[in-house]
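For reference, chains read A, B and C in written order, and residue numbers begin at 1 within each chain.
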Amino acid sequence: MFAFFIRRVTQAVFVMLVISLIGFTIKQSVGDPLREITGISVSAAERDALREKLGLNDPFLLQWGRFLARALQGDLGNSFYFKRPALQVILSKAPATLELVFATSLLVVLLSIPIGIYAAVRPRAWLARFFMGVSIVGVSIPVFLTAILLIYVFSVGLGWLPSFGRGELVTLFPGWQSGYFTSDGLKHLILPSIALSSIMLPLFIRLIRAEMKEVLETDYIKYARAKGLKPGRVLLVHGFKNTLLPVITVGGVQLGTLIAFTILTETVFQWQGMGAMFIEAVDRADTSLIVAYLVFVGALFVTVNTVVDLVYGLVNPMIRIAGRK
Amino acid sequence: MDRQPLLSVRDLEIRFRMRHGDLTAVNRVSFDLARGDRLGIVGESGAGKSVTGFGILNLVSKPGYIAGGHLLFEGRELTALPEEELRQIRGNRISMIFQDPMMTLNPVLTVGTQMVETILAHRAVSRAEATAIALDRIRKVAIPSPQKRLQQYPHEFSGGMRQRIVIAIALLNSPALIIADEPTSALDVTIQADILALLLGLCQSEKMGLILITHDLAVVSQVAERIAVMYAGTIVEIGPTAQVAGNPQHPYTRGLLGALPQRVPRGGRLNQIPGLMPTLTRVPEGCPFSNRCTLCEEVCRRRVPPLAPKAAGCLAACHLLD
Amino acid sequence: MQGWRGFRKSYFVYSFLRDPMAIGSFLCLAILVMVSFGAPLIAPHDPYDSSTIDIMDSEMPPLWLDQSDARFLLGTDSQGRDMLSTMLYGMRVSILIGLGAVALQALMGIFVGLVAGYRGGRFDAFLMRLADVQLSFSTYMVAIFFGALFQAAFGMGRYEQLAVPLLVIIIGFAEWPQYARTVRASVLAEKKKEYVEAARVIGLSPGRIMWRHILPNTLTPVLVISTVQVANAIMSEAALSFIGLGMPVTRPSLGSLIKAGFDYIFSGSWWITLFPGVALVVLILSINLLGDWLRDFLNPKLYKA
């Protein structure tokens, strides 16, 4: 188990180094670092002097080293547009994205597990077939389209729910404005989280159903029944626990897709989170912010994936305890 | 002392629902088992022995189903029982042992959990009492450090020990009958003998009945008092071990025993029964062995031979043995 | 049985004709592909010819509503372009990019999977780590990043000019890990088989073994994931276009059209977004259904990604 842990963490560090290298390379080749600091009306001589002073003529590796050192201290450059440190901008927008992601994850977990299990146990029931049918349609509708349709039906058409922004916010602590604690905030949360879950939910339902079906065919389930255990216990204790393992693995990978989809969803709902910020940065060619986002999200992925791997290692007794042949 | 057999199987028929019609995997199989009796069911793969074993507890995988026959166990008709009552018999009055313990023990639950749950599913005892019973059974199967074992996971045991645990689980609720489906096939040959001896000893000391299903004639000879030979879904011969193994009546059994390498002198050709056992879709009319039997005659092809008493206390299904 | 007759009588066709879903989605897909590729012939207008577009025609509703114009069956967009024509051309672009991207990722992925699987060792470990990490970022994220990078590097104007090949490259690069992993799994399974051993004993070079002997046996799983990958590629392109990193508004794909129309649903011109949206969904859905059927046909147990 310990060896497993060390391996995963080393890998994580390595990946982060690669990401920082990519980020740095982008920063160097695209966009002009000087632009962030100076105005337009600065002479060429002053520019060159500034270049020298900032060490922009030093060898590549040296500059990367500096970039890395600064990044580890939290300095990812300044946003050209916001005229503030990039990391600060990102962190100010992060709560919005995190609240959305959390609400969506909750929705997905609470719905996909019972539906997936049901569809596996009673595959021929019309309800199960209905869910599977809806799932395949759900997977075929791009997230932004679902978002637009939801807005069209529930905002423009019925006028039940708001279509943009986060609504009324409450400051939990400095730097975190939450929409969870006002009914207005919650109302604003509904459509975006439904839209965001529209692709993840079918994915997880199909995954859980497929895994559960496979588990139900195994010998140890047959054996559990041969021991005369109650059917509920066979299903949930013996069956579901084994289904959980591959679901955790795949689920962790889906995080990437989720983050990518928040970019789309936030754009549609004008939800002021990191995703919307990223798109605006692209539009404005704010390279520093783009790179900072890349590194930040990269770090997020690597951390979450490593944590998921470790959780898997803890939950799966065959990894946790070395076995005998 | 009632003379009623513990288990009485009469004309058991198990079919599989396929797209183009039903296939009969077990065709009117009948046998009795007295209390404490040990019966071995032998046959090739596909002969229907495992299906028979599972059928007794109605655990045949879909699309299989019990199409007919009677299963009288301790005076109750198993085919007529609702699922909930059958569940109470499984693991309780009748236990099963499967072939590969690595596949049958749940890898993510401790051995202790898997044992205690079996007790709690059938008896209203406390967890502590259940644990005590589990420990007792682990000792009975000669596994050292039983306390430690309860906390361990299946993958932490060696193959032989795993199967001992499975046997221990089978003993938990003091069943009257154990059905063992190829219990030693997944084990090393050196360990097979140990496990078989264990099984034999336990059946004798706990006075349990045993149905041992295997393809291995050597295995069955060590443990069973009677042997039933199955071929293409029917029993072709059944009788005391000594008789069936020493002086078989049915041409198929003779062929099987003749095919044992031990029977052939050094350097001689191995005896083979020509052809292959037919698949379920191609069972011949009349006697199922007719297309491979060297003694086959017209009557064999036309009429199915009944299982009837022949010489020396055996029953055999062959027209030509009278 | 040879050629066409063999195919007609094969189990493939038999099974296909038995399944109404398969037939339905295939027909649907066939129709969509034909109309979109036949756009130059069928489309009533040419949306790329700015001389025929009149801003006064903008935001006209589809035929069955008031204030519509018989020239524009499905209405017009914010710039006065005919919806139907623009959609047909847009669908063509979407399908082309989808197919191109899949071809590229298949090429890359198969090559990497073959070599990694056959060579094994650290080479294999490294490549698969790379694939795993890229997969963990999700193909959409990778595509978005590449898109953002290219746009920052080339500048908006040039990016728009090169949109189609760039998108093919972006999406192709984003999705190669899927193919690599699938092919590698196949190669590992095949490597153990005797015909590979035999080929090695005869003295065939690794390249020849990989190409002539192993590759044909790995094509079934490749085929299975290809349909899903095409659907994914089309979705990716639509997503990229929607956030402005894809096809420009002047040569829109379905995604760009949806984006352009989004602002107008509040003012009542719902058709600008809805029709391309429906077309996109139908396209992706029919590919997915067909892919599902193909996967079930080719054996459900073997291919769990």
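The rule is short, and it goes like this: a contact is a pair of C-beta atoms (placed from the backbone, for glycine too) under 8 Å apart; a residue touches a chain by one contact, two chains touch by 3 or more.
Being a predicted model, the structure only gives us computed values, none of them experimental.
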Chains contacting each of chain B and chain C, listed by label: A
Which chain's mean C-alpha position is the greatest distance from chain C's? B
Need the CA-centroid distance for the pair chain B / chain C, whole Å please. 55
Take the average of all CA coordinates in chain A, do the same for chain B, and state the distance between these two points in whole angstrom. 53
Whole-angstrom distance, CA centroid of chain A to CA centroid of chain C, is 24
Complex contact set, residues of chain A against chain B: 218-220, 222-231, 233, 237-238, 241-242, 245, 315-318, 321, 323-325
Complex contacts: residues of chain C adjacent to chain A: 129, 133, 135-141, 144-145, 148-149, 151-153, 231, 235, 238-239, 242-245, 255, 258, 262, 265-266, 270, 273-274, 277, 280-281, 284-285, 288-289, 292, 304
Inside the complex, what are the residues of chain B that reach chain A? 57, 59, 61, 87-92, 95-96, 98, 100, 103-110, 117-118, 121-122, 152-153, 155-158, 169
What residues of chain A sit close enough to touch chain C in their complex? 11, 15, 26, 29-31, 136-137, 139-145, 148-149, 151-152, 156, 210, 252-261, 263-264, 267-268, 278-279, 282-283, 285, 287, 290, 294, 297-298, 301, 305
